[in-house]
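Labels run A, B, C and D following the written order; every chain starts at residue 1.
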Amino acid sequence: MAKKSRKRYAMVLDSRKCIDCKACVVACKAENDVPLGVYRNWIGAERSGEYPRLRTSFDPEQCHHCENPSCVRVCPTGASWQREDGIVLVKYDDCIGCKYCIIACPYDARYHNPETHTVGKCTFCTHRVDRGDLPACVETCPSRVRVFGDLEDPKSPVHQLLSTRRHRVLKPQAGNGPQLYYLL
Amino acid sequence: MDPFPAFRRRFRKEAQMKLTKLAVIALLGLALPLSAEEKGSDTKGKFYFKKSCKTCHVKGGSALELTPLSKTQAQWRKVFDAGRHGKAGEGFSPKFGTPEQIRDIKTFLINHASDSPQPETCGG
Amino acid sequence: MDRRLFMQVAGTGALAAGSIACPRFFRKAEAAPVIPAGIPTTCELCPNKCSVIAELRNGLIHKLNPNPENPKSRGMLCARGNAAIQQVYDPDRLKQPLIRAGARGEGKWRPVSWEEAWDYTARKLSEVKEKHGPQGTLWSSTEGFQEVFFKNLGMAFGSPNILRHPSLCLASVNLAYSMTFGTVPSFDLLNADFVIMAGANRFESIITPDTMDLIGGVMERKAKFIYLDPRFTVTASKADEWHPIRPGTDLAFILAMIHVILKEERQDKAFLEAFTLGYEQLAEHVKPYTPEWAELETGIAAKDIVRIARAFADSAPRAVFYAGRRSSWYTNDFQMRRAQAILNAVVGNWDRQGGMVPNQKVPKGEFMFLPWDDPKAPRVDEVEKNFPLASAKDGVYLPLRENVLKGQPYPVKAWMVYKQDPLHSVPDQGRTLKMIEQMDFVGVIDIAMSDTAWFADVVFPESHYLERTDPIEVLPGIWPAAVLRQQVAKPIHDTKPCLEIVQGLAKRLGLNDFFDYTIEQWVEAEARELPIANGLEHIKKHGVVAFSEPKYGATRNPVNRFVTKSGKIELFSERLQEAGHDPLPKYTPPAAVPEGRFRMVLGRKATITHAGLTHLPWLHEHHKENDVWLNPEPAARLGIRTGDLVEVASQVGRVRLKARVTEEIRPDCIFMLHGFGKKSPWLKRVHGVGAADAVLLETAWDKVSGNAAMHETFVKVAKV
Amino acid sequence: MHEPVWEFLIVNYLFLGGLSAGLYFVAGLATWLTEDGASSYPRIARWGALLAPWPVSVGSLLLIFDLGKPLRFWKLFAHFRWQSPMSIGSWLLVGFTLLSLAFLWSWLEQGEREGLLSRIPARLRKRIPDRAMAWLRVDASAWRRGLAIAGFPVAVGVGIYTGVLLGAVQARPFWNTNLVAQMFLFSALSTGTATILLARLLDRHEVDLKETRFLYSMDIVLIALEFFIVLPYLIHGELSVEAVQEAIALVLGGPFTFTFWVLFLVLGLLTPLVIELWEFKPVLLGRGQFHLNERWATTAAGLVILGGYTLRYVFVFAGQASGFR
């Protein structure tokens, strides 16, 4: 049987287009039943300068679905795991809630779910992606900050963006090989 | 199924009543200039315009598409006062409505004509 | 390029994965966008009317996804739209009709049957009618698909006092553009190369498709974007230039721009010659308005004004001075908007790609209902007399309230309110409360216990938009659409759609014949003339009918008659002159900020609609409380630090809330968000939290349109 | 999202785990060192052995309570994940706890063991196979040395593991240095030593200069080792990349400065060191006899325990507050 070519899901973000409208955050809450007070995605804001020379930049962020995910490495029960296509997930039934992965994530992308007492995080909306849809945050974004797709597919928008545009990743020094790419 | 029972009921009743009077009033009414033009009912005018005029004056209809914006106030006045309706300029025969209704239509069209202070399309 | 873009926009789904502004990368979507199984409907959380597809799980509404078929909503759904589900399942929703049991505002309610609520209301309305005539009733509402039924009930009842929202919103803008072009155009931000925006905070106050087109245009195609605002908003942070203009002097800036353009002959002469009226008068009129003069007024350097004016004219026709869409700010608001319209006309961006474009509409049918008699009494706000150019159908809110309080020209003693919270949307809450007090009867139709509902005598719970079917609505624009709002789930409480509430009342008021139809019949009649085969079936299945591409230049035709008095674009307006107003926008400086006070400015946030939605948990999480913004310079003088409790006082009210010391505002202004300091305990997350700006705002209106002027209030700030 | 998710339960657990490791280690050493075929410091060994299993057991319970799903703790033992310090650690803890219980058993007198066995309710005792009962009755004192030797690597493992648990987290620059494990190990051994010293002091009848001297010398060495790890830890951090510098700033001029410098470094580390050296001064200078001031000794031991606890506190909380930017 011919081996199916491997997929590698990733996200490309154009933060400059982010208007901090929180659509992605609320869409994620609705789609994934995320409790109040914890977030699978968020928008970081950085303000600088003095009146009237001011600057604000917004950085939408979520799990980076790292190539080398430290959360998966430290998980004592194997509840944190990574799919073939790179998506990092939590098996809720195996999670004992030790919170080690929360601490081990350089991006603070995980949270302790106050209702289920297990650890939660962005799943790239696998249930949507697997049926051919886009993650909720990508679909809902008014300013089209987020582009989602398969890095291994040369025709995919993420592949094309990354091969034509300058970009960076966050906290590369943490060594996790993050897969959220921010356009410069 | 009749989607507009109440409307039909009233309209029919009104029409019957008006029709009986029409024979008496028609000649007289049409002969008189519609002097109290803007005093008609705007609301009803809109209704009768849609009801009576838009059956023909629509896109793809048997007559030119018309909305209040199609003409200026002066032009509308001319149409009604000079009885310019129809190819031969025969005016508004009773089949288009009672003189009261015609007056309402006139009011509506003039109030919302292209150069009026409150212009409006038919749908608006 | 634009055609392809459009195909994506209107097309079947490339959009879901793609981007308006970055088509190159999205031609091939990674995940072929399958429309998830669900029921298409139309969002109601703000006036944009975005198309959504509701996904149900186990009979509950699980998620609202954007419907890419609506070109106006550009395949997106904002935070508010996503949070709509929480309105449905809000435990504090209105669940059955209520009749007041204690004193007004005391919060004692008696749950009653619909019959009792209808009977009671009909009796009260009839009593007022008997005593004061039908004009003794006031019917106020805000924009909504079922507003037509509410409005019609008021009219059929015989009241001239139908009060709609524009005079709290965009009446001055609409009037100014109508009086110039005969219509209110859209701005083609998708294709504009140069955009000037004054105050309209487009990235925090989302307007479809402008917000999305602008961010794409600015960030992807590097369109130049100049932004004027006393506050450093998110929009300011995305602009190429932010000018914290002295509040109330936008008109000086615009007039100086026109001055520069005409003086340097950068105007579109051929266009002005062919389509406009009053160029000579305009040229003469703007002579004194030099950039140097404007610098003194606005605080923006003359050289910057000259530079911006040149760049603007040189980028034309792909250059727009964006109109904005919100309440008036000053009492000369209409004239400022007129000046914008004239500035746009001068560079000839009318009806051109990247310029201003007259709206297209998707045709639809109309349901024919029995017409009623015109009201016999004149309007209580005397709009015909005092604001002859304003829309008499909509009325003018603040003058109306003043007249009602005076009992002039006749008493108004019953107030029916639909979908609106006047205590928060109308300046000077104290006076609005007084107006409520002097009413014999107040009835409110809403989905939640708003503050106004809290002070009402009867509260009718309306079904949520996801629980009802509404009329088809046409969204005019460069990319027009017709949308349907259809029922997604059965009402979970004993609620009814507005039409049924109206019908219940109509039956008891003897007005049954005017409302003898069902929503299905209404929608069917409308769908019959949709420009598509099987219109009803199509719009039920897709939620949207949209097909046309942008049309540019149809009105740039010598035989075209503009819908103005002269039939031309009126730079000079005879009609304004006749009504006793300046026929060309004349500058009047804003009132100076009194010593020791600040000008209060208002603004929006993308998670809040008007003064509502702040109590929905998913939105509340992001703004739990409002605070008052204060520049560090005055803050230091007043000894105020971030987090301090301060008292803000105007001439009509005082509130306490926390301070936020920030560089993001001019030293002579303060700012606070709306939506907080609610009196209704049923809005528990924002009940008594923060403060309501409506308490502070003083009564002022634009002279021409009667639109509420929101930036004419000066306040004192002191540490508590 | 910089809210700490590991809080005092974890601080206590790390401290107690380390303490047990230290107790076992010192007791083991005291068992292993012999004079004339008998343990040189039998009472130290016995005290250590008697105390060792309990802190770690309490600590493990705390760890389980800290889990979001305490009833699922068994899942830790349904997997072995060599890359996860917590997985290794939990196996190690089980092994260590069992070993320390065996060590305790071996240090009980014959009568004490019989006494304990007789307390088992008759109904339950009937169920225990005779062979097992016989096995429990055997004189276990012969295994003491064996268990001590076997225990060294396991105890050191547990002591190191509490540090590795933190040090292995590359996302937290405050922790992510290979000095943390040793720091925790020496701190653990030092608190164990101090606890035995304290126990011996409280057990007034048997104050013994020789034993005290042994414990003092152990502690001096351990504190010195710890100090010479803390010092390079700070220097190394200051000279490192920005993220580590920022992390170190948490103790050098941030929210944890007082706790770290005053409670840990001065009171918990240097003060006991000075006291113990002072007590040793006559010996070191060769001018007389080491003599025991019980009050000083108690103070020193108490301060070492305080220091050990503070170290865990600072590391758990400051570590979580650190991160890359």
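Going forward, contacts are C-beta pairs under 8 Å (C-beta built on N, C-alpha and C of every residue); 3 or more make two chains touch, one makes a residue touch a chain.
All figures in this text were calculated on a predicted structure; none of them were measured in a lab.
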| item | value |
| --- | --- |
| Most distant chain from chain B by Cα centroid | D |
| Centre-of-Cα separation between chain D and chain A, whole angstrom | 40 |
| Euclidean distance of C-alpha centroids - chain A vs chain B, Å | 63 |
| Chain C-chain D separation of Cα centroids, rounded to whole Å | 68 |
| Separation of chain B from chain D, taking each centre as the mean of its C-alpha atoms, in whole Å | 99 |
| Category of the chain touch graph - line, ring, star, complete, other | line |
| Chain-chain contacts as defined at top | A-C, A-D, B-C |
| Contact footprint of chain C on chain B as seen in their complex | 3-7, 9-11, 41-44, 46-48, 50-51, 59, 69, 72, 114-115, 117-119, 123 |
| Residues of chain A that touch chain D when the two form their complex | 39, 42, 70, 73-79, 94-100, 102-106, 108-109, 111-113, 116-119, 171, 173-176 |
| Contact set on chain D toward chain A in their complex | 1-2, 5-6, 66-69, 72-73, 75-76, 78-79, 81, 83-87, 90, 165, 168-172, 241, 243, 319-320, 323-325 |
| Of chain C, residues touching chain A in the complex | 16-22, 24-26, 28-34, 36, 62-66, 74-83, 85, 203-204, 206, 211-212, 215-216, 219-220, 232, 234-238, 242, 244, 606-607, 617-619, 621-622, 631-632, 663-667 |
| Chain A residues touching chain C - in the complex, by the definition given at the top | 14, 16-17, 19-23, 25-27, 29-31, 36-37, 47, 49-52, 54-58, 128-129, 131-134, 136, 139-144, 147-150, 153, 155-158, 160-161 |
